[in-house]
Each structure stands twice: as structure tokens, then as C-alpha cells.
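In the part that follows, the structures are each spelled out as C-alpha cells.
Same chain, two partners: subunit A is paired with subunit B first, then with subunit C.
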Partner chain A sequence: MTDAALAPDRPTMLPRLYAGAAIVVLWELVVRGFAPSYVATPFGIAMALPRVLADATFLKATAITLGAVAEGLVIALAIGTVLGLLIGRSLVADRALRHYVNACYAVPMIVVLPLVSLWFGYTGAARLATIVFAASFSIAVNVADGARAVPRDYLEVAHSFRSSEGRALFEIVLPASMPYFLAGLRLAAGRALIAAVVAEFFTAIPGLGYFILYNSRVFRHNDAFVAVLLLGGFGVGFDALVNYATRRYLPWYRRADGDN
Partner chain B sequence: MRRDLVVRYAPFTLSLIVGAALWEIGGRYTSAAFLVPLSETLVRLEQLVQSGELVRQTLSSLALFFVGLGLAALVGAPAGLALARWPALRRALDLYIMILYATPMVALIPFILSLMGFGFAPKVLVVFLFAVFPILYNTVEGARSLKPELIEVARSFRSSEWALWRDVVMPYTLPFAMTGLRQAIGRALVGMIAAEFFLSSTGLGQLIMTASQNFDTGGLFAAILVIVVLGVGLMRLGRAIELHYARWRV
Partner chain C sequence: MTITGIAGEAEAGHISVRGLTKRYGDLTVFSKIDLTVRAREIVALVGPSGCGKTTLLRCIDGLLPADGEISIDGKRVTEPPEGVAVVFQHFGLFPWKTVYDNVAYGLRMAGVDAAEIARRVPNFIGLVGLTGFEKAYPYQMSGGMQQRCGLARALAIEPSVLLMDEPFAAVDAQTREILQFELLRIWERRPTTMVFVTHSIEEAVLMGDRVVVLQGRPSHIDQDIDIDLPRPRSRETLSDPRFAELRERVWANLMNEARRAEFQLGA
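Moving on, here comes the complex of A and B:
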């Protein structure tokens, strides 16, 4: 983005603040006027916030869910990168595996819940399996795109200097597909978060999803909504982190639609 | 030409055959509660088709899917256009749209359940919430790049407001909305199954739930197979729509 394009964006904090205040006031008024008293309102959430944040069960639930998401993402990274590199660099693997990967990517991930709970029982392992399933294929699809998009010239130069296949893979293909990898990781993180929450709804094992489910069932919507805010915060935070990393460490990369 | 076709489709067909064989063999050597062979799944699938249950449940799921997605498009696209036309509105709201886009909407299902209970409307709301923010988000991202000069030129040629919408705002913004629609299709599918799992049980979600509760693993795999086909088909449709509208953007 040029400076000229950035300049008119600077005084945007004020309209945003007004809009945010309007949303909050509208929410409060609509709920007070038309909804049952247990429904979450901004005021109620603000009141519940200190209590929930100091609550040991809430903190533990957060740690468990985030731990599972992180663990699942690491496994998914390994699976997704290997699958993606295979599909992106080998024509045979592409023809043989791509439709499986695409199918697994296109299928709504939560259909595997009954199956994984059948296989792993109502345990943390079922949640982990759901996260891995949800996250792996978005990484694989993106890494494959990235590995395919490596400029042919780079590889030709490497080969004419008698570089081995392995070195070309690690020193050219992997770095060149980094932006795609990060885009896949961003998608995967969002999907992993959803998978963790859904798995906790389904299997009723402790975690943020279960915290939301339980508190909304006993009509403590304000408490439950604190967890929703936290989940939203993680979603936004991870997006921002990946965007920042792309701009900071991969400044040579411009997305095709010119918006970066 | 023929050789080309062989080279092109041989690995594909072969991998399908290998996949089917692995499934069949794996199914025969494990407990039936874990995995049933492909052949048994297909038999069960045929039973479900014969009894008419599969068709009925698929239609019920599709009704939910298209009503929710349709509402999301009806709300999302015009709202996106308005955001493109009035940059002040866009600057005020883009942050909130981005936040809602990144928030996992599944987390709202328990609230919707206790507020709206069971029925068709809460499920439509779930699908709608899953689908509307990708459309809005992508439209806003597109609208950001709509150059003010385009509108200024149109204005200086004394374009009417309607002509401005028809010839500048809509053609410019719609392709981005269509990218959003493609993403929305994927998310709406998740929303559809989530609604059918966690709200009142209907459609393909119900088929899966009853099969897993009855330890009818064959039925479970049959239902998942149908959803895979549905998912891949709808994603293809989404991509086709996006490409159709995105021709000029490339």
C-alpha cells in the first residue's frame, strides 16, 4: 500500500469508536427491551469479566483447549507440509492423492465427530483427532499451491549448479512456498479452534467449548460469553500475527490481488 | 491422444482402486464397530436409498443449507455494496466485520439453543451466521480497493446515482462478493451439520447421529460418504460461480 492510500485511513479510529459504541448501546437496549433477563448484555459481560477471569475452572478450560489446539496444529503442520510438498512437486502424487485431500478439505470437518468418538471414546484424543483432521488439509492444499508456484528458473539455476534434490527442496521450494504455508496456517488455526470447540460440545470433555455449553445451560449467559469473546480474540490475534509475520519476514511477497 | 488420456487418468483411477481396496481390507480385519468394509457400506447405502430415507434427509439438509445461504447472500451482498459506495460506513464497520469473520460462530450455538429452542428458524440462523461474514468480509476487502477516482469520473460525467451503482459499484464489488460466496458455501456446510447435530436433529446430521447411536457403522460411513460427495459438489459449484464473475479481475 502506498502512503497516499494509507493517509485517508488514519482518522478512522473515531468513526470506528462511534460505530463500536453504537453497537454496544444497541445490543444493551435491545436485550433489555425484548429478551429474557439471562441473555448476555455488554454491561452484564463487563460485570462477569473479573469473576470469570479469576475462576480456576475457566483458566483451566482455556489452557486445556489452547493446549489441544496447539498440539493438533503441530501434528497438522507435519502432515500437511509433507502431503502438500508431495502433491506440489510430484505429478504422480498429485494425480493419486489430490482428490483425497480435496475431498477431506471440502467435507465439513464436524462429520467426523461421531466417528472419532467411536474410535477414541469421549476423550481428549477424540478432540485432538478432530483438530488434526480439520487443520491438516488446509495446510496441505496451500503448501501444494505454493510448491507448484515456485518459479522454474530458481530450480533450473539450482540444478545447473549441481544442487541435490534434497537441497533444492529445503533451500528453494520450502522458502519460496512460505507465504502459502502461512496462509494455510492461518486458515488451519481458525479451523482448529472451531474443531476444538465442536469436539467439546459433542463429547462434553472439559475445555472452553464445554465451559460455554455448561454455562449457557444453567442460564449464565454473561459468563459463557466471556469465553466466546476470548475465542474471538484468539481468532483475530492469530490472523494479525500471521499477517504481521508475512509483512515483516516475507516482504518480497505480494498477494495476487494486490492487497497486502 | 489415447495415450494422453491413459497417462492422465491412470494414476487417478489406480489411486481410487487402491483406496477402495485398503478400505475393504481394513474393514475386514478390524472390529465392525470401528470400520466396516466398503462393500458393506455400499450395501447399507443402497438400503438407505431404497427406503427413501436418504433422499428425504438429504433434501431436508439441502433446504436448510440453501435457505440459510440464500439469506446470507441477500443480506451480505447488498450490505457489502453499501459499504463499497459509502467509504465512511466501511471505515466505521470494517474492524467489526473482520472480528466477526474470525470468531468461531459455533461458539454461539448454545446461546441460540437456549434462546430459540428447537425448530427450523434457529438452524437457519446458525447457517446464516456461518455464511454471512465471509461474504461481508470479502466484499469489504474488495470495496477497499474501489478507487474514488472511478466514482469521481462517473460523477463528472453526470452519472445518476442508479447508473453509478449499476455501472461502477456493482460490477466492481460483485466478484469479491462471489469469492465470499465460495467461502460461505464451505462454512454454511459446517453450519448445516453443526445445527443438525446440536439443535433439533434432522437431515443428514440426524442420519449420522442415529447411525452412530445404534452402532450402525455401515450407515455412518454411508452418510459420511454422501456428505463428502455433497461437499465436493457444492465446493465445485462455488468455484465455478467465483470464476464466472472473476474473469475480469485476473
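Moving on, here comes the complex of A and C:
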């Protein structure tokens, strides 16, 4: 694979820009023509942007939500990695846990909300629990796949140099499953974000989700939409960050894939 | 424990294989192999592709279970023993580690302290001619360079037994010659027991104290030829008439078998 495939180049940028412009224009026209005046339009959002970005409530909500997502992701990373390595490398753990983990992965995280809000109350802890639940299993499922797919050659070398099983797990299996791990992490980040917002909708604790909910209810849709855009931007940004980190810190990963 | 200590001991690295049979399901790879390799001896193992050379090395390193008995220095091998290092046919480099970290891997696993690792690794990288590539990843290197990196990793733990599976198969002819004499020089300085798999008869005769021919189906040790060429061996060895004689002998041996196989196929 070449660098061109990693960075967006001109020919792919142009259609993207045209499509974006077309969507914005169409949106503006349709809303102006057919919808009530409080419905968000691109122009309205642009006008609201400076005010909202300077609004202390908005900034605090952003910090709270993104902080909770980051915290939840770190916890999910630890849980998901350990679970995934266990299931991927231990037959006993695989037999015991695989179906439960797959089930938890498939269950929409929204269904746990009523439960966790009973256990933790309408607090940040309920949101954190939802994020962890939503994010852990996509990491676990992917890491387990990666751990199963580790070439035997690597493990044989480790064994030959008298590595213990535990050390091989973290020094061989984990780095060799890095591509799967990253795929899981990307999924997890998206799911964590959704979980945070949905938890805020449900429990009405402060955060970006609540900011959107509140502003929609008081018919300030343009303000609400600034938060929506920010969440979208966060998703794109996180992906770009993972991409950058991969290129910077795991230079072997894409190349090695491309060669063999 | 210090790895260097092992080599200092007299007679370390004596390999004894008794009645070894390896089966994969219905396939018997080899049966009733008896092989003794004395300490500091170099045994070159040759034989047609698929006859079980790699399998035999794996068994000796305790990586594969088999029927029969293997012991190194009187200790029965059930798992990879201390002081035994393998140069893998498939290189076995870790793609996420640089040359430096790949070479350091065995030392780290042996619990060698960081200062000693920092002292030893550059030496062995230099020994195989990879100085300047310490920070390179395997994907950035040619097959031959990767193979040399695998060689450095095995040499770095200063083993008393070196099991080498076609260690020069992926390098070009010139590099191969350089490495052959380099390895001989390393051996002169610090003789270790070596089992050396190769497809090159010349290489087998040049390196080995004995050339062991593994063949047949299932394979067995067909010939065990003493190579009584004087050491230290060097480029001159290649022009020794005795060298040519021994090379012809090993060659005739392998050819006979190949003809027999052809005849059986034709019949």
C-alpha cells in the first residue's frame, strides 16, 4: 500500500466537496420552502456558531461528555483487551465466554440504560457504565479474532526462546493482533459516543446529549445542531487520530499487510 | 544465570537422539532416527525437500512432541531447553519490532540485564553486517537481510547448541559465502554444537564435521559421512582435492536416491 492510499488526495477531495455543497444548498432550500422557521438550516447554524461556541454551558457540556467518553474508552480498552486475549487464546475461556461476549456485543446498549440508571441513579456513573458496556465488547470481539489469527510461527519463536505463555500473550499475541485491535477501537469510539449521548437523553444529566435535548425542546434547533456537528466532527477526528497514530507508531502494520 | 557461563563449561551441547519417530496422523515423517552430535561438533543435515529436516530440528528444540527420546547434556528434552537457539527457515522475525529489538528478544527472554543487552546487541548486528539498520523493520529489508537478522538473534544468546534451518537460503551467492566463512570464524572463536540444515552440498561439506543424509519415505538416516577436512576451514578448503572428493560422495548418495525415487514413480 502506498502513502496516497493513507492521505486523501485531490481527485477524491473534489467529489466530496461538491457533494457537501449540494447537500447544504438542498437542505437550506427545502427547510426555507417547506418547514417551520425554528428548524435548523445551514445558514442558521452558521449564525448560531460563534454564540454557541462562546457559551459556557456548551463548553462545559462538551468537556463533560468527551471526558466521560475518554474515561469509558480507557476502561473498555482494558476490559476488552483482556477478555479478547482470553477468548482468543484459551480454549476454556473461549468455550465459557464466547457466546456471552457475542450476545453483549449484539445487544443494543440502550437496553441496559434503565437497569444501570436504577443501580447508579441519574448520575455520571450511569453514563460511564453505559459507555463501558457499549465499548468493551466491540474491542473484545475484535481482539479475540486477532488473537486467534496470530501466525503460529511467531508463537513458535517465542516458545523456542523460552517465553512464558503470559509474556507471549502481551508481547506477541497483542502486537500481532494490532490491526484487529484498531478496528475494534474505532468501532468502540463510535459506540461510546452514542452511548454517552443516549445516556444523557435518558437520565437528563448535563452533557452534549442533554444540551441537544434541551435546545430542541426550547426550539433552538440551530444551537442544538452545533452540538450535533461537534459530535460528528469528533467521530471523524478520532478516526483521523487513530490513522495518524498507526502511521506514526505502527509503521510496520500496513506495509507488512501489503507485502504478504 | 549467565548464558556465557554455559559455553564455558566443558562438553556442553551434547545432543542425543534415540529411536525418534514422528507421525502426523497417517503420515510418518521419519522413523527410528538415531543421531548423536558431540559437543562443539557441526553436523550438516541434507536431504530432499519434505524429508523432515525442519521437523527433526523442531523435535530437538522441544517444540514438537515425538516418539523416542531426545536429550541434551543428559537432560531429556520436553520443552525448549536453555542454551539452545534456532535460526528458523521462515526467519521468524516479529514485524512490529525493529532489527535491534528482534535481536534483543532472546536476551530479554533469558533475563539478561539491560546494560548487557545494550552492549551485546550492536555487536551481533555488526557481526551479520546489519550495522546502520538497527531501526529498520523487517518489511524494509530484503529476505537475505531478514535471515541475517534471525541469525544475529540466535547468536546473541551465545547458545551452546545452534539449530540452523537453511540459514543462508535467502541470501545471494556472495553474501552466502561471506556468511559461511563468518560463521566458521565465529565457531573457531567460540565453538558450539551446530546442526545445520542445507540444500547445498558444498555448504554441507564446507561447514560440517559430518554430513548426515536424511532420506526415504518415511525418512531415516541414510548416510553419516565424516568430513575429515582440517580446521580452521577457509576459502582454501574449497580447492582442497579432498573437498571435491567428499562433495562428489555426498552428491552421488543423494542422486542415487533421487533415481530410485524416479524409477519407482515410473514403474
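Heads up, the rule we're going with is that the second predicted complex is superposed on the first by the 231 of 260 C-alpha atoms of A that agree within 3 Å, B and C clash if a C-alpha of one lies under 4 Å from a C-alpha of the other, contacts with A are read in each partner's own complex, and residues count from 1 in each chain.
Note that in this section a residue touches a chain if its C-beta (ideal position, glycine included) is under 8 Å from a C-beta of that chain, and two chains touch if they have at least 3 such contacts.
Since the model is a prediction, treat every value here as computed from it, not as a measurement.
**Student:** Given the touch rule stated above, what does A:163 touch, subunit B (first), subunit C (second), both, or neither?
**Tutor:** Only subunit C is touched by A:163; subunit B is not.
**Student:** Answer with first, second, both or neither: which of subunit B and subunit C does A:120 touch in the superposed model?
**Tutor:** It touches nothing on subunit B or subunit C.
**Student:** More residues of subunit A are touched by which chain, subunit B or subunit C?
**Tutor:** Touched residues of subunit A are more numerous for B.
**Student:** Touching A:27, do we find subunit B (first), subunit C (second), both, or neither?
**Tutor:** The answer is neither, since A:27 touches no partner chain.
**Student:** After the superposition on A, what does A:153 contact: first (subunit B), second (subunit C), both or neither?
**Tutor:** After superposition on chain A, A:153 lies in contact with subunit C alone.
**Student:** Who does A:172 touch here: subunit B (first), subunit C (second), both, or neither?
**Tutor:** second
**Student:** Which residues of subunit A are in contact with subunit B in one complex and with subunit C in the other?
**Tutor:** 259.
**Student:** Can you tell me which positions in subunit B touch subunit A when the two form their complex?
**Tutor:** 8, 11-12, 14-16, 19, 33-34, 88, 91-93, 95-96, 98-100, 102-104, 106-111, 113-115, 141, 144-145, 186, 189-190, 192-194, 197-198, 208-209, 211-212, 217, 220, 223-224, 227-228, 231-232, 234-235, 249
**Student:** State the interface residues of subunit A toward subunit B in the complex, per the touch definition above.
**Tutor:** Checking each residue of subunit A against subunit B gives 9, 12, 15-16, 18-20, 23, 35-36, 39-40, 92, 95-97, 99-100, 102-103, 106-115, 117-119, 190, 193-194, 197-198, 201-202, 209, 212-213, 216-217, 219, 221, 224-225, 227-228, 231-232, 235-236, 238-239, 257-259.
**Student:** In their shared complex, at which residues does subunit C touch subunit A?
**Tutor:** 58, 61, 63, 79-80, 82, 84-86, 88, 90, 92, 94-96, 105-106, 109-110, 137-140, 157
**Student:** Show which residues of subunit A lie in contact with subunit C when the two form their complex.
**Tutor:** 153-154, 156-163, 167, 172, 175-176, 178, 250-253, 255-256, 259
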